[in-house]
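Letters A, B and C mark the chains in the order given here, with residues in each chain numbered from 1 onward.
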Amino acid sequence: MAATAEALSVIASRPGGLRRVLRLATSDGFALAGTLIYLVLILVAIFADQIATHDPTQILFGARGRIARNLPISFDHLLGTTHGGRDIFSQLVMGSRSAVTIGLTAAFFVVLIGTLLGLVSGYFGGWIDAIVMRFADIVLGLPFLPFVIVLSALSRPGTVTIVFAVAVLLWPNTARVIRSQVLSLRERSYVEAARVTGCSTARIIFVHIAPGILPLSFTYGSIAVGWAILTEASASFLGFGDPRVISWGGMLQDAFSSQALSRGAWNWFVPPGLCIVLVVLAGFFISRGYEEILFPKLRD
Amino acid sequence: MDALLDIRALSVSYRARSGAVHAVDRASFTVPAGSVVGLVGESGCGKTTLARAVMGVMPASAQVSGDALLFQGVDLLKLSPRERRRLAWTKLAFIPQTAMSALDPVYRVGAQIAEVLVERGGFSRTAARARAEELFAMVGIDRARLAEYPHQFSGGMRQRASIAIALALEPALVLADEPVTALDVIVQRQVLDVLKDLQARLGLSVVLVTHDISVVAYACDRVVVMYAGRVVESGTAEEVLERPRHPYTMGLTNAFPDLAGAAHTLVPIAGHPPALDYPPPGCRFAPRCPFAQERCRTLDPSTEDAAGHVAVCWRAEEAELLRIQAARVETWAAMG
Amino acid sequence: MSAVPLLDVTDLAKHFPAPRRLADIARGHRPTVKAVDGISFRIGPRETVGIVGESGCGKTTTGRLVLRLVPPTAGHIRFEGVDVASLRDDALKAFRRRAQLVFQNPFDALNPRLSVRDSLAEPLRNQGLPRPEWDARIALAMQRVRLPDLARYLDRFPHELSGGQLQRVVLARAIILEPHLLVADEPVSMLDVSVRAGILNLMREARDTLGLAALYISHDLALIRYVCDRTIVMYLGRIVEDGPTEEVVRNPRHPYTRALVAAVPVPRVAQSRAPLPIRGNVPDAREPPSGCRFRDRCPQAMPRCAAEDPPLRDVGNRVLAACHLL
């Protein structure tokens, strides 16, 4: 425990650690775009209540008491209304909350599990490594979406299930990359130096090796955010999402089942789709930009 | 006097993120025909950059300028890139520092030599084969090994194979960048002997870039000492090593252990070379020099030529006295 | 040398499995590289011993075996009377306090995220030394490596220091626990020439001021000669000569040593350029020659050399050599 705390302080104390992160955001055009998208997403999610023009779940009625169905874009309804008479724009804005929640939570767990297993596997090698890697291989062999669907069917469809599914299925890639980085870091002279002075294994892992791989974890974390959101959208679209939560995937499902496509109601299905795409892309952009910082040779 | 290679005030600068780096600043020296010239200095002194600039293998961001870069009377700086390329491998050859790993691992060594001969030298396949065998014999490798792959060669053999490839088209001058640095001492000696042998038999000229003064003393007829991008001393090996006229050379010769001599105390030179993006004014060695005077720090020292033994130092005339002082540990310790 | 040697190595061997080629698999053959194949030597409490040899001779592996960084395949390593291989937990930790390592690459030997102070504190922390003592010990170690300006260096990070300064910090870290044995593997090979002398001088001093024993490993005989009282010459995993440095350098007995000494260039224009008394190249480590390993390169090989492996014997003047000619 003390070792972990120390590890965190070690990273923080790295000269220009914060400067590095800021440099990451501004150095690469793509990384900048990605960071901005994330920033906007988070802000929207936080201030969703203020930004949304209507209650997204409320069925709205127009003049003469009729349901305000499939209204086109107007000042009242910035993106029009759904077939059920709900304001699309408000739904879009509210949907950002579940995106952020699911995305960040799932990514956090993916990174946590992947990093820990990667560290242990890479450092100890031998049979521990073999077991973890074979386990990872098995998990990688599981078909993604069907697994999520089965899981949703067995338990309650909901946010928790999605987060759990994503965490369980996405950690192997992270673990593998972390592991290979650990394999190379393990051979560095300063790690050997630590061993020669009688350093405990826990300390070597957390103080000498971990700070070197955490940037990589971060990179994979940002990719995981995108994947998580995509998974949630897919599951919701197929009807396995949480029906009580407004999400972009849910919007798409609603639009699809209301035959918005054939009616050409692009104001309904394009915005949530676009948002999903943008967030996933943002994750990739950031990871790409960060990769260039981690491995400067890629720049030339 | 017609030197094979005559470098006059050559300068090379790079554009790096932080600004311009002046890797080489107005370097001048000559390479007579049939001689081995050692270009010696520490890391960052510009010797590799200089060799590459002469060869014309610089990255696009580098700027090479100078009064003249005469090779066999032709000014290389005035040639077009195509004409320059034609010279490469034919009259002028280069053995890079990474020569050992520069051989393509998926082709047999013989095939790689043959490729140079056929592509650049217009040899026929059979003639190329014969020449390859000849080259291997010259560098002392059994010709049966032409059929092998690079990974089957030891480090020393790969280095000798690189020399063989460089010699394929009978160049007049070979630029070798740290050719023996990564080799064991016995192999190092073998490779150096090969170079000397080629010098004697073929009249080959070699510019041997190295940081090791002992290698220079063993293999070279002439020595050029570089520091922080400038040539600080040049002359015959005998003159420069036994009677150095520049304080840096004096310090450098003190820093090498002599296995044959008595075990004297090694004298380190305190400090480290200046960064080349903002070099200090005046003499670049002044901050570390125990004999520095006021003018050394402000004015670029003039070039003192005493019968072919060039030293770029304000106090070059006092060299004899300075040498005595330089031999004492206290002189250098006072700088640290 | 005193009665109880600090380090007593007997018949030490380390075999590595070599990658199998198709021909090996077909024959059911498991090739091994005998990096170290039966070596014995001793180091006294204040002795400075150098191991010299070319790449592949086993000197680096020997250094790592002595520090128990790799387990031996055979043989014994006794440090202050105790068998190193059997050490566990507390005893192992105590051993780690008394035997330290200086690395070849100063740019890689320090954790880039730790300041100089923290890197120096690491051994103290790992050995459980009381916190109040740390500052004094750090200051002393820095003084000993001639970096007394603490305010200038302690809070710096590795990327801010030059190669020479880094290696001094590495040395400081190695001596901060006041070990009895210091092992240094090519400690100056990655440093600039004008900087090497400073580090080598420090090492020369260390043996006097710190009273420790040292094992220097290098391919550079001139360096070994400068720093070490005694020199051990290795070839293909065996010791071929072991004696006082001046003796070994001035009057080499073993043919390999003779070739090695002759091959080292000196910074004088007037030096011998005679052909070396050695033939051919280093043989494949997987299949060393039978009998004396050096025989296929030795200009004086006799039939006996192929049949019998010469043992390391006393040949006078405190020199041990393994050659049938002597």
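The criterion applied here is as follows: a residue touches a chain if its C-beta (ideal position, glycine included) is under 8 Å from a C-beta of that chain, and two chains touch if they have at least 3 such contacts.
Since we're looking at a predicted model, the values are computed, not measured.
S.K.: Looking at B-C and A-C, which one has the bigger number of contacting C-beta pairs?
M.R.: Greater number of contacting C-beta pairs: B-C.
S.K.: Measuring centre to centre with C-alpha atoms, which chain is farthest from chain C?
M.R.: A
S.K.: So the centre of each chain is just the mean of its C-alpha atoms; given that, what is the distance between chain A and chain B in Å?
M.R.: 55
S.K.: Can you work out the whole-Å distance between the CA centroids of chain B and chain C?
M.R.: Taking the average C-alpha coordinate of chain B and of chain C, the gap between them is 31 Å.
S.K.: Distance from the CA centroid of chain A to that of chain C, rounded to the nearest Å?
M.R.: Comparing mean C-alpha positions, chain C is 51 Å from chain A.
S.K.: What does chain B use to touch chain C in their complex?
M.R.: These residues of chain B touch chain C: 42-43, 154-157, 184-190, 192-193, 196, 211-215, 217-219, 237-238, 241-242, 251-261, 263, 265-270, 272, 336.
S.K.: Quick check on the complex: what are the chain A residues that touch chain C?
M.R.: For chain A paired with chain C, touching residues are 10-11, 13-15, 188-190, 192-200, 203, 207-208, 211-212.
S.K.: Considering only the defined contacts, which chain C positions touch chain B in the complex?
M.R.: Spelled out, the residues of chain C in touch with chain B are 54-55, 146, 162, 164, 192-198, 200-201, 219-223, 225-226, 246, 249, 259-261, 263-269, 271, 273, 275-276, 278, 281-282.
S.K.: Under the touch definition given earlier, write down the residues of chain C that touch chain A in their complex.
M.R.: 67, 69, 92-93, 96-97, 100-101, 103-105, 108-115, 119, 122-123, 126-127, 157, 170, 173, 177
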